[in-house]
Amino acid sequence: MNTKIMTKFINEPENITRELLDGYVLAYSDKVALAAENIVVRAVPKDPSKVAIVTLGGSGHEPALSGFVGEGMLDCSVVGDIFAAPGAQRLFQALQLFRRDAGILLVVLNHSGDVMSANMAMQLAERAGIKVKKILTHDDISAGIDTPEEDCRGLAGCIPLYKIIGAAAEEGKSLDEIYEIGERFNQQVATLAVAMGSCTHPQNGATISELAVGEMEIGMGQHGEGGGGRQMLESADKTAEIMIGQLCEKIQPKTGDKVLLYVNGVGSTTLMELSIIFRRAHQVLAKDGVEVVHAKIGELLTVQEMAGFQMILAKLDDDHVELLKNRKADAPYWTTV
Amino acid sequence: MQKLSVQDFISMWKCALDRVTERADEFSRLDAVTGDGDHGTAIVQALTSSVDMAGNATEYKVLLSEMGFNVMMHTGGSTSTLFGAFLLGMSDHADGSELDGPQVVKMFRGGLEGIQKQTKAGKGDKTMMDALIPAVEAMAARGSNDICELFNAAAEAAREGALATKEMKANFGRARNYGDRSIGTADAGAMSWACMFSAFHEALAG
Amino acid sequence: MNTKIMTKFINEPENITRELLDGYVLAYSDKVALAAENIVVRAVPKDPSKVAIVTLGGSGHEPALSGFVGEGMLDCSVVGDIFAAPGAQRLFQALQLFRRDAGILLVVLNHSGDVMSANMAMQLAERAGIKVKKILTHDDISAGIDTPEEDCRGLAGCIPLYKIIGAAAEEGKSLDEIYEIGERFNQQVATLAVAMGSCTHPQNGATISELAVGEMEIGMGQHGEGGGGRQMLESADKTAEIMIGQLCEKIQPKTGDKVLLYVNGVGSTTLMELSIIFRRAHQVLAKDGVEVVHAKIGELLTVQEMAGFQMILAKLDDDHVELLKNRKADAPYWTTV
Amino acid sequence: MQKLSVQDFISMWKCALDRVTERADEFSRLDAVTGDGDHGTAIVQALTSSVDMAGNATEYKVLLSEMGFNVMMHTGGSTSTLFGAFLLGMSDHADGSELDGPQVVKMFRGGLEGIQKQTKAGKGDKTMMDALIPAVEAMAARGSNDICELFNAAAEAAREGALATKEMKANFGRARNYGDRSIGTADAGAMSWACMFSAFHEALAG
């Protein structure tokens, strides 16, 4: 941590999360609202006969996670402070708000803090008789493709998951059905992140994960915490090849398979670069006859102003394709017509 | 010191808040090396949320449970649940408004059990448990009736345990992803718990 | 220009534009396609009985401008190299592709290169008997609010304009009607940009518009070319107040007026910061009883990895509100359900 | 030198491409101060697109019009149209495959008029016109039949004109937005045109 002159547009550091959520719901007031401090919900709630989809996670990753609250996606996002899971009691408050016979599906990204908050909140919910099931995401492959699920972090692969299970919930499917659809997706999605350059913690000015100019780290986590190994910066094509190669090793897509391919920018890497990266990854898949049926290039889950991106590859079953592409969604940062 | 009143207990936490606040940057800096750089902020927030609940409490059980739930409402990150579980665990094993030595040990042991329901991390995993477990064990082993002496032992053990994390490889939390690269830096959470135990002793020793 | 180690994911610098467009149309192949080199068009063309909306501009500003090609918005974006207008002959090629009785509305952002290319291409089009009308955007107020239109740059205010005239064209309105709707919007929109920190030209590594750490420049252009004046970095609230204050001076919104308010990130400034900025600007308008009926916080037009943003304020007539909010759009980087 | 053949003319442009390429970074650097830092790239591209069309051309009018349209197809920015218009303007005022001194002057004057249809910038506005206008005027004023001498005069005038832009305030192009801050740096376009005229002379002087 090198404390340096802050070059961010903020006010008092301790108010960041509250103020950004205020701004967000003011801008998109026809879609989202704050039900309580740090609890983002839809402006027009879903019919309570349907399963609610709730997630939790720290702020500082905008538009994730709250940007995906809206029709056809999330019902609720419980927000922690910068890079910090919300506390269990706050999450329990949200679970109480969404108590319903159909149940709640709680999406938890596999990070120590989030998992502990979720488990504690579920213990409280259980005592209060609230029906809630947990689904854990663990799409990061940086620890190696044979690493047990509980040791794999949850990265941006949660976002297509939100779309899939959000659409399934909107259709009125049961908690168990939605869980099965989501869990099947979780088994077939893999994410790998690369970082080049560091980012600044907006509250204490700490430079996290200092990388030398011209160096990159494949396997980076999404809070500047390390992962894979460092190497010299490669060309866009070479980087794309390394990453799609590792993802394919995990996912093993075959000729004729339908896949999802996203390139998610984490901060200061431009859409220009992400598009060039996407191009090469797509070419590699196409060469093997793998069909990309759903794609995104953009910033879905960011890590402050860090340079780098996450590449997400998932094998899709037919119902996943249907739920991803042919069901309406209308969240501030995800719209499907 | 034979009896620990609720007011004594609150003064321990206030002293911990002061000492941890002074060193918050150091804890964040440690966390920045193998985590996400916010542990100093988190632990200060957690202690603030705890102390906020002190008010004119007169009774251990209610105070500790209010402290625990307030931490888990107003703070976040790994610290939130671990700290909250510690306070709730203490609450389950404390009664009345004055405790003697063995009761203090029982309360802290309860706190440790509370945390252990939330994490499987044990000694040697390079987490706060490397400070907390030896501290509670040292209190129990000392078996003294002088409460000040109990915390002296705890503080000493926590400090040693925390420093030893420097040579360990992390198996839990964000630091785990660093693998061997986590070796060489002490664990932020262990260091902040050591700081707290030292402050607990300081508050009682005057 | 300090040539420094390039820290971007690219391949050969001279191929950037081609490769990024390739990646873009591969990712969104159900929505966009390349009709010829650097000519981005819809995958499913609009009925040729309707007016075509064509625009032009340099690359390096992604998602602008090509990200807004799609149903309900642009028919075609003619792309130049990084920060460079496409040549007149390339633009003329696109105008030939969209020749139709209903005519073409050509949206030109007021920058010397774009205007000269457009004028030259229109001379060529005229000789070829192609019906085309030009609409010039000049939303930048950094030169002062009384500056004549021809001296005001076109900034990101073109993007809501694309939505408005795109929706009007989709409805089958005539070229003159669409022009009138768009020109009325142009008279009521104002944009102001602020930069903090420089950006790198991806082709020659030049650092453009070097700003010292802790300094900002209100009135910056969108290619790193300067504008207003430099000052020390202010808090988010103070910066928002200065900027919305200047925009209100130009637009003069009154109690009860309906306005559009966008905060457009230009690169490495996070959505977190943009939301905090938006919050304050919205509060200032609300205090005067001005109603924000349409808002966006996000990256619509970027300037590589520059830190900063553009704030856009527009007074909206009822037909503008209708066309912006209640007409479907389905471009890769703009969807209205 | 009394006659300028098409091949001579092409060699002038090839030499210009070489000299401008050598100094491309300098032109981009100037453009970075008061513009967007790409003028070096742009002018190299424009000259490349022009020279690409040379092939085994035998006739001025067709060659120049092909050069102009190719520039405007394959390059961009302000340079594209200005350069293209210059070439098309020359095309309108050149015939055959060999030109004498007065015909060369007429062709260059035609180029200048072509540009003037696209921009209102004149002398003193801190643009490439500050090199181009004096260059063409100097050729006309010299009134010599020695073509090499015409370009010597043009090169000298272009150089002086370009250097003078340093003290000017920009009224056109991206630099205009800098207001008084544009003073102190020479205009990128003026400097590159001066470089081209000097190369034209060099190519003929051998």
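Labels for the chains are A, B, C and D, by order of writing; each one numbers its residues from 1.
Here is the rule we go by: a residue touches a chain if its C-beta (ideal position, glycine included) is under 8 Å from a C-beta of that chain, and two chains touch if they have at least 3 such contacts.
Quick caveat, the model's predicted, so the values are computed rather than measured.
Among the remaining chains, those touching chain A as well as chain D are C. Centre-to-centre spacing of chain A and chain B amounts to 32 Å, using the average Cα coordinate of each chain.
Centroids built from CA atoms put chain C at 54 Å from chain B. Averaged C-alpha coordinates put the centre of chain B at 75 Å from the centre of chain D. Across the assembly, chain D contributes no residue in contact with two or more other chains. Chain-to-chain contact here is organised linearly: an open path runs through the chains from one end to the other.
Across the complex, chain C meets chain D through its residues 1, 3, 58, 80-90, 93, 111-113, 116-117, 119-120, 142-143, 151, 153, 201, 203-204, 206-209, 219, 221, 223-227.
Residues of chain B touching chain A in their complex: 25, 28-29, 32, 34-38, 40-42, 45, 69-82, 84-85, 118-119, 172-178, 181.
In the complex of the two chains, the chain C residues touching chain A come out as 4-5, 7-11, 16, 19-24, 26-28, 59-60, 62-63, 67, 196-197, 202, 213-214, 233, 235-237, 239, 261, 267-280, 282, 292, 295-299, 302, 304-305, 307, 309, 328, 330, 333, 335-337.
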